[in-house]
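Encoded as structure tokens, the structure appears first; notes follow it.
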Amino acid sequence: MSPELEAEIAALLADPPADPPADPPADPLQVIAEGMIVPAAHHHALATLLKAHGYGLYVTVAASHWPQEKASRKEPNPPPERFEVATVLRNPTAPGAPAFWWSVHLAPAEAIDSIVDLFAGADWQEREQWDLVGVVFANHPNLKRLMLPEDWQGHPLRKDYAIDTPHAPWR
Amino acid sequence: MSTDHASTHVVTPWTALTPPPRVDPYVDLSEFEADGDLMVLNLGPQHPSTHGVFRIKLVLDGEVIVKAVGYPGYLHRGVEKLCEKLTFANITPILDKNDYLAPMTSEQCFNMALEKIAGVEVPRRGRWIRTLLAELQRIASHLIAIGTFAMDIGGAIGGGTNLFMWTFRERELILNAFEELTGSRFHYNTSCFGGQRHDLPAGWDLGVIKALDQIERRMVEYADFGTANPIFVNRCRGIGVLGRDLALELGLSGPLGRASGIDHDLRRDAPYHCYDELQINVPVLTAGDCEARYDIRVQEVRESIRLSRQLLAGVPEGPICSEKPNIGPTSVRVKGAPAYVAIEGPRGELGTFLIPTDKGTQPYRMKIRPPSLHAVAVVEHLLPGNNLSDAVAILGSLDPIMGEVDR
Amino acid sequence: MTVASNASNSFIMSLPSPVPEILTHPVGHGLVMGTIILTFFMLISAWSIWFERRFAGRMQSRVGPNVVGPAGLLQPIADAIKLLRKENLVPSGADKVLFWLSPPMTLFFTLATLAVIPLSEDLLVAELDIGLLWVLAFSGLLLFPTWIAGWASNNKYTLFASMRAVAQGISYEIPLLFSAIVPVVVVGSLSISDIVRYQGEHGWLLFWPLGPGALGFLIFFVASLAEANRIPFDVPEAESELVAGVTVEYSGMMYGLFPMTEYVHTLITSALASALFLGGWYGPFGWAPGVHWMVGKTLFLFFVIFWARWSLVRFRSDQLMRLCWVWLVPLSLLCVCGAALWVVYVGGVA
Amino acid sequence: MAVTQDDPQTDAVTPDAAPTDAAPTDAEAASFAEAQALASAVLGGVAAPTALDRDSRSYSNPLLDKVISVPGLDVAVATVERLLDWASSNSFFIFPMATSCCGIEFMAAAASRVDLDRMGAIIRPTPRQCDVMVVAGTITVKMAPRVRKLWDQMPEPKWCVAMGSCAISGDFYRDIYSVVPGVDTFIPVDVYVPGCPPNPEELMKGLKRLQVKIGMQRDGTWQRSGMPAEARPETKSLKLGGLLRIGDPDRAAGLSDAQRDASRSLGFDGAEHRGADEDHGNLFDPPESPPASQAAAAELEATHES
């Protein structure tokens, strides 16, 4: 990643978001690096910026569920339940074809901006993540279940979803 | 990291890139007279040419497709959820079943993610064998892609079946070599944390070279089938043109992206295994149609045969695995920050996004980046405006693997 | 081109004398000949399926059926009995009368054409003056059961298949007719036997100078391939798109009639092409009875059709139409004109 | 015209192909009977369509019944039956219910090294013409009603081969929320071909075993060789959430009511189910924004306002 792009990303992230989320992540990474945590309000702007700088190959999006753990002696105040959405983009033309991914932390009822308007491939990927994890992508044109039947209850990749949940009458 | 972009590209001259107009997959159908103009046809989920259980709902105006909606998920086996319940040592054989035409690359990708997080270096012989197996697997996988595409064009009772049968015959040669190496026809479980599980048997390379010679000799026929058969060319040329920009946005890499003019190959651009020691010629075509997607696979098979010969000639000595063999299910312990690792599978960029648990024995979340899911998402953009017969050709040229799409 | 002697072309004369009395009676003659011809065509068609599977197996480096009976020769019998045993399902949404009518109609129209197909000078059921018209009329009628089957099944795939079949059939009827007119123009008769006899005197139409015969034969052959829905023209039953064409909803022997009549129809087409253009029962040498020549030519053309089927891929439906209307129809018209000019300037019927 | 019921592609038919949706009238029933009579007259007694309870495997053979009803021929029952069995077992038309890895091995079995065609087995893409359904691969909850529907669309006599451990028991996917633990929970399986995936040769061996089985049974039950009915090979009874396999002694043959309803809910078993398929209804409407995101957006707005 070129220093100019890093500077631009730093400038973008320095802007305060228009509507700050109720519970901002505790300690966002200040280093521009793989896996950095980006506020949800900056997600779409960051994707736009990266696309303009050649990161045009849409790679994937991976959402994960982090339920609130029980308080322990080690961690008396465990972080509240949250979702993490990692988005990966790649620059196929730059030397080394670098991939860049960042993470967005979401509260349970929070939605993340869809980037379907930037990357048509995000359509099915985000639908899949909504289907399996239950992360809502705002402004998605067709946020329906992709993998599971339309009448499915629940989101299987959540940690509170039992793997052997029966589904009558077939199993 | 090698930044050498100077390797030669094979660009055939007969077509130039003319990006077609973008299709809106959410086209509004209200301007058509209800029950009068349009007809809904469900292709699949069990249809001879959907390559597994994939369903496309086609809205047809006559025989011309107005709107196409894809429905994957008929083979959703919850692999990611299953992997969260298993330990690292248990996961590799599960991933074999994901891309069942190229299991080698699936398991290599996962183990590379483990090695990256743990910071483990694979010995050179282990990497070399992985490179060799990946190339052989690419040949086997592309052979099936070529054969099934020909069958989609030619029909199950017709000339296309010949190519299908022949490519299966050639694939058996590769599978025999793999069976000799691992004891299994195509769920190998041969890649493990830190290297390889099975070492090359003595004299194995002679048999593989013989098989490669045979395949290369017969590839002439398959290349001819794509160029010298006028009916075949008519069915493929200019059909399902995928522009470079759209291909990038949809995340198409691998043969599909290179057929659309994306000069990108992870083997060359971001080398892993032993690819930095090899000179790789990456064929790139600009047409982006079904014929280009066929040609690119034929050329990649030839390139892989060349690479495999080169690799077979210089297998280095040394250990094949840097770790102790897996003894128990929790013998593999990997702790560290999440990582995304990608390799160039036969269908494009195959990636693993892995978050290990705190204990380091299981994945907390594992997302597989399947190239085929990106490939089948193309149908909503490519099919509208085409004939029903072309839909079959386009879907065949995408070569999706449903096990990988649905996981 | 040497012409075989007439004596060897007579089937009845080759029988040991005295000629059986039944052959002198018109009805008896028809019955005997009909039985012979029907048996010949049905048996050849049945075992040609076995042959085709073996042949395709060879092309695909397989073996093909070789377990059932010696060398798999009982395979067609097993298939037929199995199909008879299967339950015949009618979809509840189907138009039942039409659904049941279509297979027998197909069989009837196909077998009706057999009445005028000669295997030799007198090995034929009836020598009609309008024999060629009879054959072409019934071949054209074959579109109806196909269309009915597709419509009555109440399935979109069969509907597609039947619409494609009708469009293709109507289009290819035109070059088929025009190219069949070439021998009619030259000979001045619609009787197939007359056409063959004319070729016995003047040489095969295929080898005429200036080539209207050869071109006509080519067009006739291609168009009849399309009429019989054989690859590369099998768009109506394209398995990779339309699952199984119009027969998607048919099961048991109701289905079995379709491929059976398809093979019989293809065989009839081959016989017709060899009668119209390849000199029928006249061979280049006189040493074999005429029926051998006729059967040999027919089977050779039949084999060529198999060969094409297992070598080529199929057209798209619009490409198929373009081939017909842009190339075959003008060329066949040209053929007719050429034949007419040939008659006027070179000589034809006196 | 009555409503479309049976369709080879489970989702294929919508009312476009049929003029109207209406219950069958008396005239139609009469015309149906007429057509049967006509067809049996034309075809010389080929089996007329019969209303079958497809869940029961007892299938009376009309052709055989016709043959043995001829006076004097009833002594030849055994011969005729053996002939029919010989024909059936040597002319398998296979319906490839190929979903995953086993499907590739199934294709390899049809290809040149093993070549199922040598024993007369060919692959037909439509269930109407098939005798054997080879279930090759994992069956998911989303796919199961379709598989059941395709099985129902196959005419009797028919057999099912479960190829590979996923089809037999679900294999290591059997505990997953979306996977059906074995195809024999909703389809009666005749031959199990184990392996993950089984080699092509194994599939051929399974078909050979099916041939033996066909020779030994009549009307779905064991007849010959004195083999008792309970000797029919079954897998060990695997219990998962009270789901019994067809053939388990505790379970009646056939589907549970819920399974039958679920497989009919695809909309092919009668007028009341016609519109139940997922989104034929809003085909001509502009795409709606999904309820989930709407709800979430509303929720978001509410939180921001507060």
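So that you can tell them apart, the chains are marked A, B, C and D in the order they are listed, and the count of residues begins at 1 in each.
As a convention for this text, a contact is a pair of C-beta atoms (placed from the backbone, for glycine too) under 8 Å apart; a residue touches a chain by one contact, two chains touch by 3 or more.
Just so it is clear, the structure is predicted and the values come from calculations on it, not from any experiment.
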| item | value |
| --- | --- |
| Remotest chain, chain B as reference, centres from CA atoms | C |
| Pair of chains ranked first by number of touching C-beta pairs | C-D |
| Whole-Å separation of chain centres (CA-atom averages), chain B against chain C | 45 |
| Separation of chain A from chain C, taking each centre as the mean of its C-alpha atoms, in whole Å | 65 |
| Distance between chain centroids, defined by C-alpha means - chain A, chain B (Å) | 26 |
| Junction residues of chain B, two or more chains touched | 26, 39, 41, 47-48, 73, 76, 78, 81-82, 156, 165-166, 169, 406 |
| Junction residues of chain D, two or more chains touched | 9, 12, 14, 16, 111-112, 125, 142, 176-179, 287 |
| Chain C, residues touching no fewer than two other chains | 60-62, 156-157, 239, 243 |
| All touching chain pairs, where touch follows the definition stated at the start | A-B, A-D, B-C, B-D, C-D |
| Interface residues, chain A side, partner chain D - complex | 19, 22, 109-111, 130, 136-138, 140-144, 147-150, 156, 161-171 |
| Chain B residues touching chain C - in the complex, by the definition given at the top | 39, 41, 47-49, 63, 150-162, 165-166, 169, 229, 231-232, 234-235, 387-392 |
| Contact footprint of chain B on chain C as seen in their complex | 56, 59-62, 156-157, 160, 231-232, 234-235, 238-241, 243, 309-319 |
| Touch list for chain D against partner chain A, complex | 141-142, 144-145, 175-181, 185-186, 240-241, 243, 256, 258-259, 261-262, 278-279, 287, 289-290, 292-293, 296-297, 299-300, 303-304 |
| Residues on chain D engaged by chain B in the complex (per definition of touch) | 9-12, 14, 16, 97-101, 103-105, 107-108, 111-113, 123, 125, 137-138, 140, 142-143, 146, 150, 172-173, 176-179, 196-197, 199, 280, 283-287 |
